[in-house]
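Following are the structures in question.
Heads up, the next two complexes both have subunit A, just with different partners, subunit B and then subunit C.
Then we have the complex of A and B:
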């Protein structure tokens, strides 16, 4: 082992309690950071998945411009055969076709304006969690049946229940009058009042018939199962689309721009807290190394008289700090990784979470997401700040004068 | 050939309201292979002179030359390099690095000098044997007697065969037998390697080993005598 490294290592253990306390602070903060960042990434993953799997999906094939200006006539022609083609091309993906429009929905007593989605009953449950949220009755079954599922808030407002009849009045693709009488098959409760008040679903076949879609629809949803690999999938889907009609493929980030913004906002506040933790650790290191340098002033005077420059001594102090930081990094990452790996398998819950999860169709436990990034990003920042904190004691050595230093007790 | 030359050195310290003249227009010349003792009562200026010669402290005025090179106007880095390569220091309080063994203490300076690992390891063993510490190479300072520690300090100072060794009260913490042993070692190195020794002391026995005895008082040389060493 290099003599300077040996010297640095042994210097650390001159005051083992102090070294362990400082290293312990690093280990604690690194363990906490690994756990918190992994949990945060896991939560974001869950948040993205839940949001996208609720309705949006990870990719959508649409007519160009539909995303910004959702006009009835901006359609995907032959949407069901195209969805079937994509399903055949990407057997590991869940694919479903949809159409959507607006209608006035009326019960015997009241009328409300709602968004009407035409969905494929067979495939919709694989791209959306909405069918799983049906609390009363059932989800749609037949692609041409004259039935509808509505939200609990709308059912309350319309004063209707499962089996009751509703009238839909809207405007078809060609601008003509669209009307239908449908029976309520099921009532869903998403827990989001706005959603439950304004969204309704009918079979795609019925939608195409009522709204004169002539076999067209508005978007094909692809559910990738998770956000990793979406960019690659998008490229593959774009390459697969027929050339005879102009179509656009949008990923989840374009479809749900607010989602990334919400995550970024949450990350900013979380990183502010992490920053405070890192600064506290850095001050602990600063204190330790400053004390270590001060109590060795006499010794530093001696080695300077032997010909060591302040720069070399400063590097020795930085090396001592780096060893301590590395120890904190390795132990913290190991312990944090171990804890997080265990929780990523067994999950993490808090009291009351289970009831909430059932209500919102969410998993009953959080699972931290262990990745290289979540494992090393926090500890790396702690290590970096540890070195920065040691710069002051190291640079202070440049002010040391050998004769004065040797007089120090 | 001149090993050390000081010309008209002045150094004043402020102690409270009083100015203390540690060096007062002092000039001195020491030849290569010299074995010189500086003797003075406390505050007489011998340590200040030693520090000025070793480039540890700068005089207020005057010039210091080591082997013909002026050093009082060198930068901190240049002085450190000079001390590393040309000058060996032995201190009263041994001043070894407590976490390193005897061998590592001796090796440390060589490592800084850039001596390859194998060479410095062998050199350290040889020099420790030469100062009579064979078998104690792996002991840390805390496990050695004062005399043994001072021998390690001497080994550290001379391992790179510096042309000049400066020793400040090297026997002050040693019993008479160990002190005699140390002085014999200095004389042997002086005789065999032509190393120049400048020793600040007020120990009469140490003075008896010197070939030249310089007495100082209030920063001035009051007596400079050549003598037959003991």
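Then we have the complex of A and C:
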């Protein structure tokens, strides 16, 4: 083994320039892959977390069909006791109940149609980042107070400030006319005008009262902190739910199908690009190893006639490739890791990212993180393809006839 | 000239001395070129789809509004010039298409539910082809005139509201005095849209009917002008600015939808980066091939030098060899790209990630767009960079000392 390894090592450096060029191709693509994959998966993670933490949560308990139709009548009965029960059952989860409807909201001067959410002031801050965005005033405190929290853009458009009065007009659960007068408790600013203009929150108790909900609501949010373990949690929640009413549990993928699909769409184009890169490297390796085998035909003829089997020679060629691949792997991972590590401190941005960031709940400057997975997954594939590429030259040796080979110049 | 012919011939023959190596390299270049062009065509298709969807999502190419309208899209911010006056100024200006609209936030209510929407009062004849609604594909019918008493809503919205063709709904908004302005409409048409969220967001009614409902006689909220080419709207912009004459704020579509505007630029940058990355991955193999080709011909090159061939000619020959190889690969790759784009030029269905594409602002059919300029760009960039990449091995070959080279084993 030691001997074969030494042979392989020396063979590689018979043509140092060629070896370095081939290794260079691997280092180049590995560096690029490590960097791209760290960036990509880091972004996906942020996209998912930011979107889910903002409002949706990781799991929701709803009436069946509510997710598609979002109708006022599709309610969860006795939503507050049910939320309390879940909270007791899953102490490590953040649980909050909500109800939602639409209303025409009017100040003295203006009216806008907005979505109104009834939330539990005590629990909402743990399942949503919105309460933390309140820039002036405060978030809701009392479950029955006639208060409302609105977005900065809406406040601007309605020409109102904290403490001002607003009128809500909408239709209740039974289709009847629902109206309320509320005072602005706080104004949040998410930085996204469209979001700020369309979402408002009032206490759940008040909501149930105004919209004739009879103690019901529309969904219970569970915030799991992260997306790992959601599937298992979902099964446990389903098992816990009372059997006296029909309820559905949806995970984040079902709640925000666009999210997973946007990632999938982006991933498929990214993987196409990575694939091309890897295949090009493989071609480069194939070319090098084939040449290196062809120019050694004479030499191989001699060692074969001395009794070396084609199989062992093939393994030699594969070993040479593997050493080269390993070199490319280590250098590429190192350089890619270095680049990513540098960016994780200094941040990464490109022109146009700011606009995209707003659209996908991402920060304008991105700090990728170095992880084992992002470090080795790309280079591993490159290494694998390198070995596969060397199979052809290695197997070709089986067709070599010692005598003819020795005659080759 | 004669010399060039000889050199080309030499280069050509040298290329096929080791046909295996040349073929592998050719395969790599072909694949690389194909990937460059194919991928670019897909991305281009995506972006132009995005842009055209985005533009038909109502911004047109150039828009005019009240200066405060974009931050506060309400009834209070109408264009300062009356519709009749606008018509006089614009109808003779020779625009391809232009229209005025009333566009305000509203609440739509059926007997079951209500939603916040954007109500658009349009003049159907002048809007034909300007919005994302294909009149012929509307279930029922689209509006027939400005004073049509019906309303056209999205299919998704109809499901949510539990309403259907022929049923009545109520639209509620405010008039300039902040009195509630509402009116009952009969649903006369259901539209479908490429981008799903449009079906929930927009509601179309006749312009005059809307003006009546909102008590704004002859005023509008926006003026939209459409030109021939979305990339070049400067002339349109200047003309509109001149005609509107301080009555409103005029914006290009790239300013209204900054995400889309920057996407165009990002895309151009991306195409170049992608081409260069692929080239770099290829270049290692290319240089390697040349180095090998030079290396195994050291004696021969020495001989040619000794016989009086000028070093410059050796240099030229090696570079020609490389350029020939690249040219064939490029031609094959470009042809392959064309051949793969051709069968799918009607569009590829990617609806399995439809909602994700929705998030990116794209529709779920991907129509590749093969631009001659991109093909040329890819070819030229590769040839130029290929020239520089082959300089080093060629330079080495040209600078051999004849005697040393001949005696080299």
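Heads up, the rule we're going with is that the second predicted complex is superposed on the first by the 268 of 409 C-alpha atoms of A that agree within 3 Å, B and C clash if a C-alpha of one lies under 4 Å from a C-alpha of the other, contacts with A are read in each partner's own complex, and residues count from 1 in each chain.
Basically, contacts are C-beta pairs under 8 Å (C-beta built on N, C-alpha and C of every residue); 3 or more make two chains touch, one makes a residue touch a chain.
What you see is a predicted model; the values in this text were computed from it and never measured.
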| item | value |
| --- | --- |
| Partner chain(s) touched by A:312 [first = subunit B, second = subunit C, both, neither] | first |
| Touching partner for A:303 - first (subunit B), second (subunit C), both, neither | first |
| Touched partner set for A:403, first subunit B, second subunit C, both or neither | first |
| Residue contacts on subunit A - larger count, subunit B or subunit C | C |
| Touched partner set for A:181, first subunit B, second subunit C, both or neither | neither |
| Partner chain(s) touched by A:14 [first = subunit B, second = subunit C, both, neither] | first |
| First (subunit B), second (subunit C), both or neither touched by A:135 | neither |
| Subunit B versus subunit C as contact partner of A:364, first or second or both or neither | neither |
| Touching partner for A:235 - first (subunit B), second (subunit C), both, neither | neither |
| Subunit B/subunit C common contact set on subunit A | none |
| Partner subunit C, residues of subunit A touching it in the complex | 15, 17-18, 21-22, 24-25, 28-29, 32, 69-73, 101-104, 106, 108-115, 153, 156-157, 169-171, 175, 193, 198, 257-266, 268-269, 272-273, 276-277, 279-281, 283-284, 286-288, 290-291, 294-295, 350-352, 355-356, 358-360 |
| Sites on subunit B touched by subunit A in the complex | 51, 54, 56-57, 76-77, 80-85, 87, 89, 91, 95, 97-100, 104, 107-109, 111-113, 156 |
| Residues of subunit A that touch subunit B when the two form their complex | 3-4, 6-7, 10-11, 13-14, 298-299, 302-312, 402-403, 406 |
| Residue ranges of subunit C touching subunit A (in the complex, touch as defined) | 20-21, 24-25, 27-28, 31-32, 35, 39, 42-43, 71-74, 76, 105-107, 109, 111-117, 159-160, 162, 172-174, 178, 180, 258-259, 261-263, 265-266, 269, 274, 277-278, 280-282, 284-285, 287-289, 291-292, 295-296, 350, 352-361 |
